[in-house]
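In what follows, a structure is listed as structure tokens, so that the remarks can point back to it.
For clarity, chains are labelled A, B, C and D in written order, and residue numbers in each chain start from 1.
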Amino acid sequence: MPTILGQNQYGKAENRVVKITRHGDTHHIKDLNVSVALSGDLDDVHYNGSNANCLPTDTTKNTCFAFAKEYGIESAEQYGIHLARHFVDSRPSIHRARIRIEEYAWERIAGSDGNSRFIGADEVKHSFVRKGQETRLAQITYDGEKFEVLSGLKDLTVMNSTNSEFWGYIKDKYTTLREDYDRILATSLSTWWRHNWTCDEQRMPQWEKSYEQAKKHILHAFVETYSLSLQQTLYQMGSRVINNRSEIDEIRFSAPNKHHFRLDLSAFGLENEAKDGAVYYAADRPYGLIEATILRDGCEPHIPVDMTNL
Amino acid sequence: MPTILGQNQYGKAENRVVKITRHGDTHHIKDLNVSVALSGDLDDVHYNGSNANCLPTDTTKNTCFAFAKEYGIESAEQYGIHLARHFVDSRPSIHRARIRIEEYAWERIAGSDGNSRFIGADEVKHSFVRKGQETRLAQITYDGEKFEVLSGLKDLTVMNSTNSEFWGYIKDKYTTLREDYDRILATSLSTWWRHNWTCDEQRMPQWEKSYEQAKKHILHAFVETYSLSLQQTLYQMGSRVINNRSEIDEIRFSAPNKHHFRLDLSAFGLENEAKDGAVYYAADRPYGLIEATILRDGCEPHIPVDMTNL
Amino acid sequence: MPTILGQNQYGKAENRVVKITRHGDTHHIKDLNVSVALSGDLDDVHYNGSNANCLPTDTTKNTCFAFAKEYGIESAEQYGIHLARHFVDSRPSIHRARIRIEEYAWERIAGSDGNSRFIGADEVKHSFVRKGQETRLAQITYDGEKFEVLSGLKDLTVMNSTNSEFWGYIKDKYTTLREDYDRILATSLSTWWRHNWTCDEQRMPQWEKSYEQAKKHILHAFVETYSLSLQQTLYQMGSRVINNRSEIDEIRFSAPNKHHFRLDLSAFGLENEAKDGAVYYAADRPYGLIEATILRDGCEPHIPVDMTNL
Amino acid sequence: MPTILGQNQYGKAENRVVKITRHGDTHHIKDLNVSVALSGDLDDVHYNGSNANCLPTDTTKNTCFAFAKEYGIESAEQYGIHLARHFVDSRPSIHRARIRIEEYAWERIAGSDGNSRFIGADEVKHSFVRKGQETRLAQITYDGEKFEVLSGLKDLTVMNSTNSEFWGYIKDKYTTLREDYDRILATSLSTWWRHNWTCDEQRMPQWEKSYEQAKKHILHAFVETYSLSLQQTLYQMGSRVINNRSEIDEIRFSAPNKHHFRLDLSAFGLENEAKDGAVYYAADRPYGLIEATILRDGCEPHIPVDMTNL
């Protein structure tokens, strides 16, 4: 046979699992989009269509919903660990499971006024508005021996309206860009980070708290970095996460430079200087795209380059 | 000539205008997507390509950016009023201008911890994260005599995880739905409301405050309505806005019923009752789509049915 | 009660109905996205949540699928007429039904070579590739007495790489655009046209042929018009449809001017003239947006301005 | 320093380059979306914001447009080879360039009738309609010594309305799926394949012909495979490409199983058997997702797993 099968995986993608938990009258939401990918003894499925070793994708879907009820969803990571362990440990033909999860945040509807019967978010027990900011990400991989847990986020759009410069770069035949000493720096962050937890013998991170802290350090580094390049800002973000969170060894960013071009309005008799508060044109395409991995010294990179490179 | 020209309009759509205002070190953002549509003596452009009466769409674009600098952007509505008035009053061949605006909200990046040099959002003077919740809408139309100002929002996704029922409906040959006495009610609201301000002789509404209040009343009505149908909830939302905001005479909603189906997990030996906290499947398509106009008694409807019916 | 209910409608949107018809071994596909909107005696649903007059949206969904089996789908228009008539004539509380349909075209997979067992598209009896060009549209409205049938299309992207000019326009303070005597004209057409068939007493149009012919005339007018403005091209398209298709009285276009900017490459020592074959930058936003209705002389316009104004 | 920089790259993404070539009155279009990613001696940019080794993304954009004029665009692959070679060979600090390209196909507007002045597509010299089917892909990587050229496509949606079965799979506690002996098989293909050309000493493939042939073999394998699993169909597609195209050593597929569920209409007194031509519900999410690499025996895999795993 002149052709052979290489890496392959399959499963049900984008299962939209919503779990409500009721503590008395107070409700909580977990709103996930769960994708399963299984690998193993699956040559026959490909070579001749024999499904004897194939757990149907429909079954992987059912399992996602059943586990949400049976075990609850403490965190996306914990739920994914349950699922990955189940698929590999219960089926001899499945050697590796990867659970990839998007999580959408909701917040309680708050507020009050004279006409309203309620006071604040605390009293709003079952009414929510989708937060709509970043999408939280998790990926849990299990091969029967070790876990790999990545967490991350996408579509977190941030802007510094000053404290960003860009100059001193290479000039060649095709360079027309002018140096800028006061520009807007805006990006929509996609990032994955890798936890060093790999098995039950280690103490498991507190996934919810770890996420909150990693996100906070990313945002604070963005605020506090006087930026000479988006690359510098990314490095500061990643470095700060790793220096402050001992459970994280590696982080990778993919960050489009969302250009805000300051317009030349002199033809209309108008100055438009950054220092005075300027008008900008927010461009769609093309955009700079900056990608980088930051590692704890001595650690090996595991996050695929193409994972954030969409 | 057996064919004639009917309603027509033209202009530059989706101008992404970002204005930064600096008060000392503290910056403010207005982030708009501005679309211009002009009508008037434009028969010749259509019949024979003569552009003598045509203000190019490129010029309408330049005007959007120049006006943002020249007059600032106090609110989307105020900025749109400036633009609409300019196009009609300055060009005899333009009889009507419609400015449609999307606005994206940003919030200051907040937070603190021991490693961070800043304390709270107040001190973060030029660093922002896109809020990401609803998109605010405004539409200003001017015909040389009167203005019509619509405000609105889209993509505000809300959920009540209980206090929603659906029963007592028509049953016919094609009915299979079971009645439900404890269901999730979730929707992604699109809504436009119409202000009764039409000319400079009237006191102009405070556009920013009016928007905040209208949104608040919509959310509070959603929280406080024990719902027997999504239609009932929409009516309560609209009624409450009109009863509380004298500057608004009409409001129209388009609300997809974002179905969350409670799964039957009995095949897996699991109960999944709403009262215990259930697992739901969040469906994409199809969805119920509920649309309704609510009016102040005695007022005429002006918001087009098809405006919210996308 | 100081607020009253205005226009309202409801139904299940985006039912993805696929019907396969088998003629011996040869299969045919109809691939539709069907949205139902019903109006009638529905005040109580809004005022107090009584659903006694409400046919659930779930039932309207079931009806869409059942009718596809029971009556087949000869054309989107004919299928929509069946549905609309059913909802109004079978339910006293429903006074008006609007069926809106998107249709996706498929074509047979064709081709052959020495290694392949088949010769051409004729022999490929049940294998299809989605055509992927325009989405066909239909909207059928019925009020118990008369039908209104609109047909249309969206996302038909066309380009003339020459035979387009733009000059002789108004110049004002904000004008910077240079006149162009050889530019690219490209647009992504959205259009609806209205048939003058309204009831069973009239001879019903051949919907499939009518669509093909209308689309053909639009494309041919695009090819054959030496354009001095996109407005002129739209008028030629619409005029030609109405002059050639007696079953159509009105047509409305919404056409973004998809700008292709010829770049100034002189800084790099390169000429970039249209006559020599130029390089263009295809811009996303902003874009000109041109909208117009063309009518058979003596006919009233019925297609809403906001229907194509997305 | 406890953190270090790992893999990083940067460049301008999504440059929309359109090149018109004129042969007399007959025009040809190349319509590309070009993304540049450069790597090299860029530590300083990250560590301290020094841009001395940084060729600005704006310059990479200019280069894309200038090269389209200077060298033309014979094929996406050939154009990408020019660009990649330029960035690495002309800049000592750039060690690796990756050019990723999407290509959109256009076809001439064809047709004729009595009212029209033209006969067929041959005579339509500068009028085009966007084909709208698959998006063609190319990725060219160059490290100063060797090239790697991947070609591919995405969003090619195909359907077999019969000749697909699925049975004989694992049944566990969570299995509810019923076996099916006559189902629809539909997918939207994403695929990348790798050419074994790596340097100028080898004969370069004819990129345009190679693409056409690879696509044709994929489609023909889809038509001719009686499928017992989507995995089997993918393997047949890949195997056929490699067996017929000696310039290709590896191919990877990502194929969502676009479920078409045959509905049970028995509650409405309707049979809905596949053999009679059935009605199906085309589902959006969740979907099966099948991914696999097929290799020429003896070759190493190079296409990243995550490249097609979006």
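Here, a residue touches a chain if its C-beta (ideal position, glycine included) is under 8 Å from a C-beta of that chain, and two chains touch if they have at least 3 such contacts.
The chain lineup, named per UniProt: A, B, C, D = Uricase.
Just so we're clear, the structure is a prediction, and the values are computed from it rather than from any experiment.
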item	value
Pair sharing more residue contacts (C-beta pairs) when C-D is set against A-D	A-D
Taking each chain's C-alpha mean as its centre, the one farthest from chain C (Uricase)	A
Distance between the centres, which are taken as Cα means, of chain D (Uricase) and chain A (Uricase), whole angstrom	25
Rounded Å distance between chain C (Uricase) and chain D (Uricase), as computed from the means of their C-alpha atoms	28
Where chain A (Uricase) touches two or more other chains, by residue	15-16, 62, 66, 174, 176, 268, 284-285
Footprint of chain C (Uricase) on chain D (Uricase) - complex, ascending	15-22, 27, 29, 31, 62, 65-66, 68-70, 106, 109, 111, 113, 115-118, 124, 126-134, 155-163, 184, 216-217, 219-220, 222-224, 240, 244, 260, 263, 265, 268, 270, 272, 274-284
Chain B (Uricase) contact footprint on chain C (Uricase) (complex, rising order)	1-16, 35, 37, 42, 45-59, 61-63, 66, 90-91, 93, 166-170, 172, 174-177, 227-229, 231-232, 234-235, 238-239, 242-243, 250, 252, 256-257, 285-297, 301, 304-307, 309-310
Complex contact set, residues of chain D (Uricase) against chain B (Uricase)	173-174, 176, 267-268, 284-285
